[in-house]
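Each chain gets a letter, A, B, C and D, in the order it is written, and its residues are counted from 1.
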Amino acid sequence: MTKFAVIEDKRGKRIFVEVMPGRVLHTHRGILKHDDIARVLDGETDGTVVSHLGEEFEVLKPRMVDLLMNMQRRSQIIYPKDAAYILLILGIENGSRVIEAGAGSGRMTTYLAWAVADKGKVYSYEIREDMLQVARDVVKSAGYSETVEFFVHNIANGFYHNEVDALFLDLKEPWNYFEQAYNALKKGGRLATLVPTANQVIKILDLSKPLFKGIEVFEILLREYKPISERLRPKDTMVGHTGYIVSARK
Amino acid sequence: MTKFAVIEDKRGKRIFVEVMPGRVLHTHRGILKHDDIARVLDGETDGTVVSHLGEEFEVLKPRMVDLLMNMQRRSQIIYPKDAAYILLILGIENGSRVIEAGAGSGRMTTYLAWAVADKGKVYSYEIREDMLQVARDVVKSAGYSETVEFFVHNIANGFYHNEVDALFLDLKEPWNYFEQAYNALKKGGRLATLVPTANQVIKILDLSKPLFKGIEVFEILLREYKPISERLRPKDTMVGHTGYIVSARK
Amino acid sequence: MTKFAVIEDKRGKRIFVEVMPGRVLHTHRGILKHDDIARVLDGETDGTVVSHLGEEFEVLKPRMVDLLMNMQRRSQIIYPKDAAYILLILGIENGSRVIEAGAGSGRMTTYLAWAVADKGKVYSYEIREDMLQVARDVVKSAGYSETVEFFVHNIANGFYHNEVDALFLDLKEPWNYFEQAYNALKKGGRLATLVPTANQVIKILDLSKPLFKGIEVFEILLREYKPISERLRPKDTMVGHTGYIVSARK
Amino acid sequence: MTKFAVIEDKRGKRIFVEVMPGRVLHTHRGILKHDDIARVLDGETDGTVVSHLGEEFEVLKPRMVDLLMNMQRRSQIIYPKDAAYILLILGIENGSRVIEAGAGSGRMTTYLAWAVADKGKVYSYEIREDMLQVARDVVKSAGYSETVEFFVHNIANGFYHNEVDALFLDLKEPWNYFEQAYNALKKGGRLATLVPTANQVIKILDLSKPLFKGIEVFEILLREYKPISERLRPKDTMVGHTGYIVSARK
């Protein structure tokens, strides 16, 4: 299985590394051997590696958020600020059964798995077999293969599961699948979706009304500050927009 | 054990109810019997109750977020937007061991328990025995009594636990306990705190430097929209501030 | 002409007063005579008045923003944060000729007059004669009667003026008047509008395309902080939304 | 006097140009002659120029905001969103007398001049003669030379003017000059300052208390949207921070 690491130099600069046998990493402070990094991850040596220029780097096991924000992006990612809030408003917990459609980059799949593991299940639907490989890799790297089941399936024909606790629609036109979503959810179960445009929110609000209740629309903004005690201030630029979260209840 | 419900009228207006035998609830649409609500929660009748005026209300089991935002407030609450993000950046998961100090209103205790249950543990420290009763009630109501252990203890003397995966300081002057926090954390373990003022952030940045690395400061803003498809727009007022999240690594 | 004052007690609490001969003002710190306040405004006595309980209040001449935010509201107000930015992006200055439709509460009329006075002109159109009285009062109270000309007119039939430097549409369905606006503007002249909903922005974007260039959409958020040096932090609540600013060029 | 233009291609892409005799401008759509642009600005030809590849560009006279955001930056600029709001809260208008210190890049000088022209005056103080050249150029380019008077002077020794209506301090340590500012202002006159860090705000709040009243702290956030009717959404990135506005009254 692929290993990942975050290495950090003395000034706090971090690099995300997909560790591969025999490879080397070129940094501004010299060359590092992937094999040295792997030995730290495996616990064989202590927590640092040294470049050929003598610079010491700390080797850190990536958190789930580090992994999900830094792994190869072949598809839209989902930001932790949004994912975290969605998990809470879906009302899920360890043991919950959740449907996701589509699997996409596997990022949200992983967040959902984190919330329901180890007793719960994420049923992740994807229409394209080729997309699924990326999602599978991401979920596996995060250690949640046992919690997630993938299905290559056109959900226009309905979901294989029902009475699920929650359902996350990660699709361009989620309104096309509201009936299928309704049928798969248990009474009181929550639906959530994340869409980039106001036009999509308007269409969701319009078309969810006949089936769903308790509809809510949110946006989460993350403001990062420069961590300097003498000059505390927000960073010069920030992510201006990721998406609108829409949530409803059967 | 106390039961809680959210009841919702036909127009979507919700009321949070602490259900007590024999009591009645006065609403704009007539009087409801708590015992009727209890029967729905227990699954004895279907999902609605009817007021003495014939108005039907849906009875919903509260999600954790509903419970934590609506239960009696004897202390500062923590908002889901902040709690959710803190859980992710702490890098915890089912099975993690986490320290919290102080227990406060038990809200963050519950969020931490949600993230690490059912194999993990939250060790929640509180200096005041009387405060602890509130926290215990909240944790119990949310169903996490088995995941949380409370300790009445002055943490100036250090924590009872060590090698923990993460530590959350919910104190006015968290900098007074950085050494104790450092000693309790495992290498690479994460510390987080949530403070209302910029002055506290400045002090935290200043005093955490000798011990901690990877210090980050965040603010999470939640923007709610009116869920009306013909007139999509943010709500007129929003929560302007809850707190600054500061995170660091041993 | 009606006089206005802002009075401030020792603790910084402010009250906006429409000063009327013979009247009294009841405050938490005693009763004040309007005539005493008037004497301060007229410069006959120094800057304070004293209540019947002996409490001293400072008397301040209101700024334009104080006046516009506090005068009787018979219609939607416009916030300084939005008005100020609109003035700059319209590209106007002392001497510019600007059309406004409709006059509404006269708030934006006054801001426009402030920007183009004393050599410029604001031509303010309103379909309802009765609305105009409010706008006239507001403009007069702010001292801009000479800069503003009001017209009771249905702008569906076009504006009386042309070759104007800028045009502000304060209407529910501004898109119905884009052709009239286009005809009234000079080449390169700017159009701006402020609308509360995303649906309106979408319609404006859609229908302004054939006529206008350089279309931009903005939102201005104002965050207020508690001015306490020991505990600097944003206020607990903030205005979540006023409107979307849309600007374009002929 | 230097001429400036904004040229815009068919797709709406804009370039800010400092027009110089004999020069050429290289664009993705061919080469343009500055002299052709100058002729449009002078009104000798109509509003477009054509590149050597036959591409047509519209030539626009820059608004003040275009000029101030695009002219050569040898110093910190001030954003329109902040400048506009400061002008309103200072309570100034055509005819007001305003002090500014320091002159800096001349951006705020120009905004102040815009607000008080043509009957008012901006007295702009700067300790460094060399900085002043930049400010003078900016003010002149915007057409406000007659409204602004510059002074090379160390304001630690006090200002030359008094009884001014408002005063803007654009300095790293504004608190060092609060007494001088107080002496220069008329009773009820407003002071404003714009500082990047929370530490500075804290110091200003702390040290302004003995002299000033009505202290307020603001932050203005500008959110830009993509102007596409089918996919309305905020832009991906936004300016995360410019500064905190602090305002007070003598």
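Observations
Assume a contact is a pair of C-beta atoms (placed from the backbone, for glycine too) under 8 Å apart; a residue touches a chain by one contact, two chains touch by 3 or more.
Note that the coordinates shown come from a computational prediction; the quantities given were computed from them, not determined experimentally.
Steps from chain A to chain C, minimised over paths through touching chains, total 1. Contact with both chain C and chain D is made by A, B. Counting C-beta pairs in contact, the pair that comes out ahead of the other among B-C and B-D is B-C. Separating the CA-averaged centres of chain B and chain D is a span of 46 Å.
Averaging Cα coordinates per chain places chain A and chain B 22 Å apart. Counting partner chains per residue, chain B has residues 198-199, 201-202, 223-224, 232, 234 touching two or more of them. Across the interface of their complex, chain C is touched by residues 196-199, 223-224, 230-241 of chain B.
Against chain A, in their complex, chain C makes its touches with residues 198-199, 201-202.
Residues of chain A touching chain B in their complex: 8, 12, 14, 47, 58, 60-61, 63-65, 80-81, 83-85, 87-89, 91, 93-94, 114, 117-119, 187-188, 190, 198, 201-203, 205-206, 209, 213-229, 232, 234, 244, 246, 249.
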